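Next come two complexes built around chain A: one with chain B, the other with chain C.
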Partner chain A sequence: MSIPGLAARNLLRNKLRSFLTVSGVTVGVLAFVLLRTVIWAWTAQSEDTAVDRIVTRHKVTFVMELPMSHFDEIRSMKEVRCATYQNWFGGKDPSHDQEFFATIACDEKTLFDVYDDMETPPDQKKAFLEDKQGALVGEKLMQRLGWKLGQTVVLQSQIYPGDWEFHIVGVYKALRKAVDPAQVFFHWDMLNERRPARIKDHIGWIVSRVAPGASAARTSLAIDEHFDALDVQTLSQDEHAFQQSFLAMFSAVLTALDTVSLVILGIMMLILGNTLAMGVRERTGEYAVLRAIGFLPRHMVALVVAEAAALGFVGGAVGLAVAFPLINLGMGRYIEENFGGMFPFFRVTPSAAIVAMALSIALAVVASVPPALAAYRLRVVDALRRVA
Partner chain B sequence: MSEISAASPLRGAAPSPETTPPIIRLKGLKKTFWRGKEAVHVLDGLNLDVPEGSFEALMGPSGSGKTTLLNLCAGLDQPTEGTVEVAGQTISGLSETLLARWRASTIGFVFQSFHLLPVLTAEQNVELPLILAGLSRAERKRRAVIALRAVGLEDRARHLPRQLSGGQEQRVAIARAIVNDPKLIIADEPTGDLDRQSADDVLTLLVRLNRDFGKTVMMVTHDPAAAERAGIIRRLDKGSLL
Partner chain C sequence: MIPIAYNLGSLGVRRRTTATAVLGIALVVFVLAGALMLTAGIRRTLGSTGRADGALVIRKGSDAELSSNIDQASVGLILEGPEVRRSEKGAALGSGEVVVVTALEKIGTKGGVSNVNVRGVADNVWLVRPEAHIVDGVPAKAGTDEAVIGARIRGRFKGVELGQSLELRKGRPARIVGVFEAGGSSFESEIWADVDTVRTAFGREGLVSSTTVQLLSMGSFDAFKARIEHDKNLGLEAMRESIYYEKQSENLAKFIGVLGWLISAFFSIGAMIGAMITMYASVSSREREIGTLRALGFSRRSVLASFMLEACLVSLLGGAVGCAASLALGVVRFSMINFATWSEIVFVFEPTARILVIAMVSAVAMGVLGGFLPAVRAARLRPVEAMRGE
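Let's look at the complex of A and B:
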């Protein structure tokens, strides 16, 4: 028998209470891990961006477009290795009205130069280049909507009227988290032909890759300075900053999720603290006897803290044991398939698991401070008199 | 008891109380508690010598100061005034840490309510005081078994307290009290929660520990029959020995 052994025995003293407490910690850890996974999945795209990829848009707002001449000028800059341009189409499949996915009119000739992290078989790439109505679709979207290669799909736009018929000639696989695996790309010319004259030959944004040795930040500045004196000025950001600016729109939601995850931890700590306080109160007589036979106040603290840490560890371990299969094999797959645009990767990260386990133990130890202090301050004579 | 060998932790022969110096020497002992602004003088200038190897029973009405006196002798409490000397060591004024170490090596406690840890077996309960002694696990176990043998409960070593009768629980508590071979056994109403037969068994055990192993026993009791088993009976009333 040892002090840690005694602490472990105390855990099993009231099995129902220990079970309920561990269950409370388990639920807390599960909820925490789930929320951290949501936050991580939301921000993962911005964390795994190409460091040399720059997005250039209208300086005023993303909604305003750039003249095609800007693309030619950017492409000719010595700091820029390659560039492409795109427009937001806002397409929807009328037969899947509730499904959201990005539909982008792109320059098919330069798309793969800039997005070398989109993998497409060569024959499909060739078919996409040759078919004016060709569409390149992300594999996740193909799975989600049940589309097949070679199928003709009719989309409607939230911006442009009419039906838009596309031939699915290629499927791409995203090799980087920053690339949405559930998009539809089609030829920009197809869009341009049907646009009103006043906005013809205007492009939504330009994506470029910097030349070897050039800095993305300095190139962004150089691009913006280049257009400073013109009527249409630009705002260039590297891909990470560009993604972050999108996330900023959801910052309130992310902050709320962060707060909720902290509140859950707080509740977990209160549950633990309550259990430990009850345990210490019930064992006042035993602690008094231990003190009488020579145990020191610090031994009492060690007993309480060790019991708390064990509760936190067991609760954390069970929570993670539930979280991994639940999120990675169940919920995560569903979310990736059905909400891939927003959460292309919805998995528990090792860092979230480690943080959850560490917090579970640390908060249990913090929760044990008041009862441990009570045990530390126990006056043997008073305690023996109370329980005699 | 005769089974205890020379290698037992329960060594020692019974010294003669008449010829030995006192194991407990109390001088001018006062203990005052405060109830709000009102001072309650529980012990009032008490002087007492307890010979080593004696078996003393302390009797008196409730509130007479018996348990307070016992707590002071055991180093569980500090006097308001006066000195407490036990086994040659003046313990009044010692720090909490030093007192705890001193108690671990010098005092064996027996309480009215046994106070065994319910999650530990009888053997593990007896082993508890040895955890702090820096002994190996094997040595702790060996001594715990010897102590249990001394109280006649070797065959109950693996039983949990709830699997024992009240008398057996108290005997386990006595084994826990003697496992570190203390000079002084402090017993506070050791038979208070027991039936007559169990009480007799426990008292017989305390008498044998006193007679055969020279343990000084200081016992508080309300029970005249229990007190009669002691060699000396002292009566306390209103903080003074009669």
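Let's look at the complex of A and C:
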């Protein structure tokens, strides 16, 4: 019988303990994968961004707006290929009061140049451009609120009084994770007409794409320098940096989740180490016999480590087998449907699965070091004499 | 009864396995207590913001001060009612305030910016909000570009320190002259400056975001609300100040609370399994002892009780270690965005007696659940076979 075979046999000797240990590792892997998925879901948007897209906003605060002239100036810069402007509307559907989604007044003529990763059928795009009260709605939001193409919806705004009536004439699909798949876009002119005089012709922010060959980081700086001497200064960030600075506001939570997922690994290791140590202690006599008939200390180490790796492997495999259907089919769907605003994508990534598997084997091996050392240092005579 | 000394002795003999079981439970308790303490901290920070006998008026439909705009002219109307408390000199205890958000560079991050609430306050702010008081420096003089900062954000952002200054608008720096505390409320994460300064800097001339008043008594609220909301043309909405801030904390506290419980639930299953493995091993390596005890005349019940007691001891120890470690979180400051205001608020981990009790109870529950099956097995051993064993 080979050493791995013997190690596997050892695991079957105390079936209850092995079962408990595997369950422990399973729970650990499940919790770990779940936490990694939360973290991934949170940060996924910042990883899939358009590198050449720049957001320019008011330097001091997002509650203040930019004069329309800023848009023309940015558009005429040689580093900038195209640009569009938008305003936050703060819309909500009175019949779905608790649903948060972004409602944006956009310059419909330039929107699709800058957001070429928003996919809309050509006829719907045409309808959106032609209808002054037209709204372009993200596919996910249509599902979430049960809206239909062609429907008229009345929204209210947290900022602007009154009822606002829109015709849903187009649906877009986000081709990139950085593009929120649950927004409502409508014509900026419609907003501007109803705004009070003091904020008329002011725009919330400007989004631009840099010309081929120009660097997004340098163009951001160039834009900010251009406006530095003026009364209204700007803060420009490329899309990645913009998403990152948004995430930074949650950084404490992300750090806490990271810490917690490390704690899980710690608990997993304690369980594994405990089981292995107990097994080795009970089998001291047998190891001594093996040594006495000619096996070397390294064979003892191999036995213990192989047993550990097998435990880790089985635990990891069972954990993933539970985690995949639970998260991808159960929880993930529920979360995407109900908390889509925050977690538009909630899926176990292959990389998280691989990491979890590798970690559960690696931790088992690490946890087996003290018992393996004990087996290595075993003194045959003492061990044989010892009463277990 | 089998004496406790026996259990203590046996835990001592198996020091290492005891330690791993204790550590496992301690980790779970630590995470659970930490999450609960943070939830309590959030509730306390946002829950203690605003007075029960205070009221807040914003534009109807705005949900929050940040998106609300009220004409300065309405402030006078709001304040002139008989429900509003007055000072000895007869001035109404209430004022219109402007709330805006500014992006500040966060110290310790490379160019990272974060949002901070800036509140333009009237000169009677210390009367309207008596819970707030200066702890360092002096109050800002009305009508100047001076500002005071909340104690919790002091030193966390560039320029947010006594003697330094912030640029609210190009060429108009606001100098920080004082630091204030406000009973641990979310005001302590704000910057307060003169209402007119903020208004001009942020282009809000002639407007306020909200109007805060002190009412004669808690019972005056209904009359106040009726009067404010009676005139539909004003389009205003009155809320009890305490309820407004509680509503703002609702989502955040719920979010952290659910996350904490979910994680703790997973963890406690893990720790329970750990405890079970330890106890099973401890039973099987002590078969002879148990057989001897039974032969000496101890009943099955006392063997069961003894092993349960041992499991409880392990879990109590684990609980105590976990609680002690979680108390150390008291020095950690946890800053997070509040979804309702889009700006950062600094929270502290708030240990309460209730949380420590919950943590200890869960620790014991883990020990009892994990120890029960092994203890049953110990109690079921037949004395003769057990003594004959390996």
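The working rule: the second predicted complex is superposed on the first by the 387 of 388 C-alpha atoms of A that agree within 3 Å, B and C clash if a C-alpha of one lies under 4 Å from a C-alpha of the other, contacts with A are read in each partner's own complex, and residues count from 1 in each chain.
Rule of thumb we're sticking to: a contact is a pair of C-beta atoms (placed from the backbone, for glycine too) under 8 Å apart; a residue touches a chain by one contact, two chains touch by 3 or more.
As the structure is a computational prediction, the values presented were derived from the model and not from experiment.
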- Query: Touch check for A:213: first (chain B), second (chain C), both, or neither?
  - Reply: neither
- Now for A:3: first (chain B), second (chain C), both, or neither, which partner does it touch? first
- Query: In the superposed arrangement, does A:245 touch chain B (first), chain C (second), both or neither?
  - Reply: second
- Item | Which of chain B and chain C A:146 touches, first, second, both or neither | neither
- Message: Between chain B and chain C, whom does A:293 touch in the aligned arrangement: first, second, both, or neither?
- Response: first
- Query: Now for A:350: first (chain B), second (chain C), both, or neither, which partner does it touch?
  - Reply: neither
- Message: I want to verify the contact counts: of chain B and chain C, which reaches more residues of chain A?
- Response: C
- Message: One more residue to check, A:158. First (chain B), second (chain C), both or neither?
- Response: second
- chain B and chain C footprints on chain A meet at residues 388
- Would you pull the chain B residues touching chain A in the complex into a rising list? 67, 71, 74, 76-77, 96-97, 100-101, 103-105, 109, 111-113, 115, 117-120, 124, 127-129, 131-132, 140, 176, 188-189
- Note on the structure: The answer for chain A against chain C in the complex is residues 16-17, 20-21, 23-24, 27-28, 30-31, 34-35, 38, 59-64, 90, 156-159, 161, 198, 231, 233, 235, 244-245, 248-250, 252-253, 256, 260, 263-264, 266-268, 270-271, 273-275, 277-278, 282, 388
- Residues of chain C touching chain A in the complex: 16-17, 20-21, 23-24, 27-28, 30-31, 59-64, 66-67, 69, 100-103, 106, 109, 112-115, 118, 167-170, 201-203, 205, 235, 256, 259, 263, 266-267, 269-271, 273-274, 276-278, 280-281, 285, 334-337, 342, 344, 390
- For chain A, which residues are in contact with chain B within the complex? 1-3, 6, 9-10, 12-13, 285-286, 288-297, 299, 380-381, 384-385, 387-388
